[in-house]
Amino acid sequence: MIKVGIVGGTGYTGVELLRILATHPEAQLTAITSRKEDGLPVADMYPSLRGRVPLAFSSPDKANLNDCDVVFFATPHGVAMAQTPELLAAGVKVIDLAADFRLKDVAQFQQWYGIPHTCPDVLHEAVYGLPELNREAIKSARVIGNPGCYPTTMQLGFYPLLKAGIIDASNLIADCKSGVSGAGRKAEIGILFSEASDNFKAYAVAGHRHVPETVEQLQKMCAAPVNLIFTPHLVPMIRGMHSTLYAKLTTEISNEALQELFESTYRDEQFVDVMPFGSHPETRSTRGSNMLRIALHRPANGATLIVLVVQDNLMKGAAGQAVQCMNLMFGLQENCGLTHVPLLP
Amino acid sequence: MIKVGIVGGTGYTGVELLRILATHPEAQLTAITSRKEDGLPVADMYPSLRGRVPLAFSSPDKANLNDCDVVFFATPHGVAMAQTPELLAAGVKVIDLAADFRLKDVAQFQQWYGIPHTCPDVLHEAVYGLPELNREAIKSARVIGNPGCYPTTMQLGFYPLLKAGIIDASNLIADCKSGVSGAGRKAEIGILFSEASDNFKAYAVAGHRHVPETVEQLQKMCAAPVNLIFTPHLVPMIRGMHSTLYAKLTTEISNEALQELFESTYRDEQFVDVMPFGSHPETRSTRGSNMLRIALHRPANGATLIVLVVQDNLMKGAAGQAVQCMNLMFGLQENCGLTHVPLLP
Amino acid sequence: MIKVGIVGGTGYTGVELLRILATHPEAQLTAITSRKEDGLPVADMYPSLRGRVPLAFSSPDKANLNDCDVVFFATPHGVAMAQTPELLAAGVKVIDLAADFRLKDVAQFQQWYGIPHTCPDVLHEAVYGLPELNREAIKSARVIGNPGCYPTTMQLGFYPLLKAGIIDASNLIADCKSGVSGAGRKAEIGILFSEASDNFKAYAVAGHRHVPETVEQLQKMCAAPVNLIFTPHLVPMIRGMHSTLYAKLTTEISNEALQELFESTYRDEQFVDVMPFGSHPETRSTRGSNMLRIALHRPANGATLIVLVVQDNLMKGAAGQAVQCMNLMFGLQENCGLTHVPLLP
Amino acid sequence: MIKVGIVGGTGYTGVELLRILATHPEAQLTAITSRKEDGLPVADMYPSLRGRVPLAFSSPDKANLNDCDVVFFATPHGVAMAQTPELLAAGVKVIDLAADFRLKDVAQFQQWYGIPHTCPDVLHEAVYGLPELNREAIKSARVIGNPGCYPTTMQLGFYPLLKAGIIDASNLIADCKSGVSGAGRKAEIGILFSEASDNFKAYAVAGHRHVPETVEQLQKMCAAPVNLIFTPHLVPMIRGMHSTLYAKLTTEISNEALQELFESTYRDEQFVDVMPFGSHPETRSTRGSNMLRIALHRPANGATLIVLVVQDNLMKGAAGQAVQCMNLMFGLQENCGLTHVPLLP
């Protein structure tokens, strides 16, 4: 059994990790830290876990994280990089669900997150945890920067096209929509039920932290310079993410060939489902599962290709993907503990 | 034109007052105070009011509330009683939407609200602002304690029965359900979208502040001692309140007579709608309006009578009722500025 | 492996059965019938099941239900009783999720469901499938009448009290609230998103089919005649059921003793969670799982006891409970395939 | 008083017309037809209208529509064109909220709506009812084709740019999101609460009827051939529409000049609100009102301009706009009866 620690388990990615790990056959949760909630049984904060997670939160100094095999950070940006060097020295692997190990470019990191990076050497070693595009590196990694939720959909949606060199990389548009849980479990007015319900809006159109991460990764897929317009929106639903991606084809290609390109790219992937051409994937078809679904559209058979991508932002977009990485790092079946069937309705 | 001031207009009852007053033909908003938002145009906080409410918030010291004809307090408990004596001295009438002037019993006030009452003489003079039960007193009042949302439904639902002396006053049950806006516009975890959506729960079953207020008022309607079980629940909707009231009949009486009792009681009321016997009123049938609807049920024609009551908690349950009181206090038509048709769907 | 057939898998209890069975380690779905959808892959109707349920719907004549070990009926009332005698003759066990085998009193059945019962002998043999109250009979049953969703909460909530003889059985009130999926997957105006969202209402207050079923079962728990007032309400959420039960205590008893009564009654139950006295269980704490949670309240330590009960109406209220019965009938661990951790948020 | 008739008032645009007309100071509803609901009081179907709309539905043969001054058609496509010639002959003006008089090109009409146009001469005379772009023609029109909801947002969003000739008309993308009421009040599985809630999806990406209408109108604004990619999505909210429009600038132009272009274009419009550059308009800021709000964004000051447009799909997107047209046709103030303040929260 893999001994697992969680730092900062009071947020939504934290409780989602707990939900997954509670039934993971090869992992055992041994410590979960929260400075503020020291001593509080996890199930008192999350009654959904009554009888399923017997642990209590403990303050970081009491939790013996160094005895874990792997520690997940479900914390605000900046926490993981402060603690990772010591954990690595103790032989503990680290998976950070925040952004500390996502951006290779430290200047970009400082610009977008407003703090200097405190361990650039660890960052240099860290592996970007998107298994479908980076599986081998993840297997041998000691430190994982788990991808952002939006970037996961944009990368898996654009990848076959950029790789094949058949779209204009300088003209990518991603019109993305996220459920409210993506904003985290924070006491903020804007995500109150009475504010976010029965409402729809765009946000952060002027610039969102997921842009530099996505562009850095997309740029690896092609030689031409990538330019990305990214427009996030808030949907009155708890979970779910829907990205509507627009790309301009630069080659003559049939719809069948486009479909085949996607199907062959993801044929062996357990968590990527390429639906029939012209499908309309629904976010709920992934609810509570680690699946990501993709469908292609080409209005009037013109030059604009539309790629629709859906996932559960807390699963494939966060905690599920992190466990998928853990499985790879410890030589387990990639879908171990991740076989949840989506909850519908 | 009546000159109106609002203290504390940043919450949901505040913005609802603004919505009503923006089209009220006989009232003009002249000041709105907020210590924190001094100088901020109201429409910057609430874009729904762009072009409709040209005022900015001002700090209390700058706003000349003494020049108003009436001031509404849409503030936390305790604020109104601190400022009311000075306003009264300046000839300004006061309508408090919080609890400062609801409970005549100061000991009860202190017990339930945790602060001593600072102006018991004003409290003594204050009138409980439920127009259907207290119209004449409201007309000549200088200070109004505007009823709580739940108490409004319980009083109007039980009143005809208690008055007629045909139910057991010592055995009243009110199983009530409120939309989330009833909890106010506060940055609290429990009312986040991701917490309150797709969920249902009871809360404060051990004791809620609306109990003493309701019992004090119900007790006026009958000689027998009133005993009330009150169970509030949180519904994943923005606005709306549904009270399911249970009473034991103590007399032989036909359903027709019961229906006639309610219809005759409220025949002349513009904001109370007695629906046909056996109806199922929906909260949305009152959304955005000052209407309260009532329907009677009597399962198996037995001794238990069920009274269903719905209203919009921010309107008849708060701001609408306050303006209804204002209209009475200033000799206007009672429905002046309150003719909104419910928004459905 | 148990060979499982499903009749009528296109509704919400049907797809929930599919979700459970897709990961059940001891059961294998071998046939799923739908006259209308003959030939349609299940995953085409429910994309959430893509890659998880490889079957297609087949018309009843093609499906070899007689080869199954057990057949679930997730059909409208009347279908199961038409097909059960033949299945029994072929040695197939039957679990009906509709009402055909719930009511022992055929006159009551005919009165409430409007059709005569076509196999009263099978009905006589049928076992009411509430494992916590009827475990031994279920183990050896050939035919199960799976309880209604509301009745499950009312029975498990009132049972310890009626059994102990400490409440007035003639004065029970159940104020119940259900998510919209309880109304099924039918094209009806009243359950459209634009009708049911941001709204709350009672329905069927004059009489609901779950009353006779519940009373028949409650009556078994005590000698005194049971009288039940049942008021169902519709909550704008997909899944979840919250029952607020009111009972009058007829004995002096401490809150500790009441709590102990419930805890000892359900100590060995894996799917009944008695929460600490005074808790407020949330429906979402059971979402997608087979758990039912109970909490006690006693306002002002008076004679009225409030029992709060929550469950997922599609799981413990329907499909989960049916699989729990199947597990018992086939000698499996009772929680086999039912270890889902609730999905929160 | 203008005598108003409504054909087909049982849907959502119909009840919204009723809500508006109930408080319109210059219009009187004199007839409302429904073949199916003949004799049913309108308030029995819509309790929100109890006491506000005293009329009953009547079958078309009984309703004297010829006595009206104007008749609104809130019917499926095809109904208005069948009845309009007779009404015109009787001197009655017609406003069709469906598509019968939107598309000037009858071949396009037949292609997209699957029926031939039965009165092309009336179509030729009909005026497209978008007041901001077509005010003078509307004033003297006898027949109005009221715009679709999506087309209203796309036209008002792209118009200043196309008119000024500063974007590439052949490369327009409209990623649009609508509340569920846009699908109408029809008993269909896909818009059930349990299907549409907590979910997000695109639909009709391969081709939507609002494309030809929009292109026909956009083409009037510029010489260059218009090409439009239109992707509609379904949002789990009742009302509200959010269009995210992408255009490529073809000229050097400052953000200030872009903002000024929009502000000057709509300076005198009562129902178009150009918000400050970089704002994120929320759909709820228009809920229940006839307002449409626009905001501009320009990521990284590049060549892609984003125009965000929000409206209430039942108001400015349907019934509100229709009444705005009626006001113009009868020489009333354009905002007569349309002064609703948006309902927020």
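Labels for the chains are A, B, C and D, by order of writing; each one numbers its residues from 1.
Operating definition for what follows: a contact is a pair of C-beta atoms (placed from the backbone, for glycine too) under 8 Å apart; a residue touches a chain by one contact, two chains touch by 3 or more.
What you see is a predicted model, and the numbers here were worked out from it, not measured in a lab.
*Asks:* Counting only C-alpha atoms to place each centre, which chain is farthest from chain B?
*Replies:* Farthest from chain B by mean C-alpha position: A.
*Asks:* Name the chain pair with more contacting C-beta pairs, choosing from A-C and A-D.
*Replies:* Result: the pair with more contacts is A-D.
*Asks:* So how far apart, in whole Å, are chain C and chain D when each is placed at the average of its C-alpha atoms?
*Replies:* Here chain C and chain D have centroids separated by 45 Å.
*Asks:* Averaging only over C-alpha atoms, locate the centres of chain A and chain C and give their separation in whole Å.
*Replies:* Distance between chain centres: 36 Å.
*Asks:* Between chain A and chain D, what is the gap in Å from one C-alpha centre to the other?
*Replies:* The mean C-alpha positions of chain A and chain D differ by 39 Å.
*Asks:* Which residues belonging to chain D are in contact with no fewer than two other chains?
*Replies:* 12, 179, 181, 185, 194-195, 197-198, 236-239, 281-282, 284, 287, 345
*Asks:* Show me the residue ranges of chain A that touch chain C in the complex, using the header's touch definition.
*Replies:* Listed in rising order, the residues are 12, 15, 19, 22-23, 46-52, 181, 185, 197-198, 238-239, 273, 275, 279, 281-282, 284-289, 293, 314, 339-345.
*Asks:* Which positions of chain C touch chain D when the two form their complex?
*Replies:* 12, 179-181, 185, 187-189, 191-198, 236-238
*Asks:* Write out the stretch or stretches of chain D touching chain A in their complex.
*Replies:* 173, 175, 177, 179, 194-195, 197-203, 205-207, 227, 229-231, 233, 235-240, 242, 244, 246, 278, 280-284, 287, 297, 299-300, 302, 304, 306, 308, 310, 345
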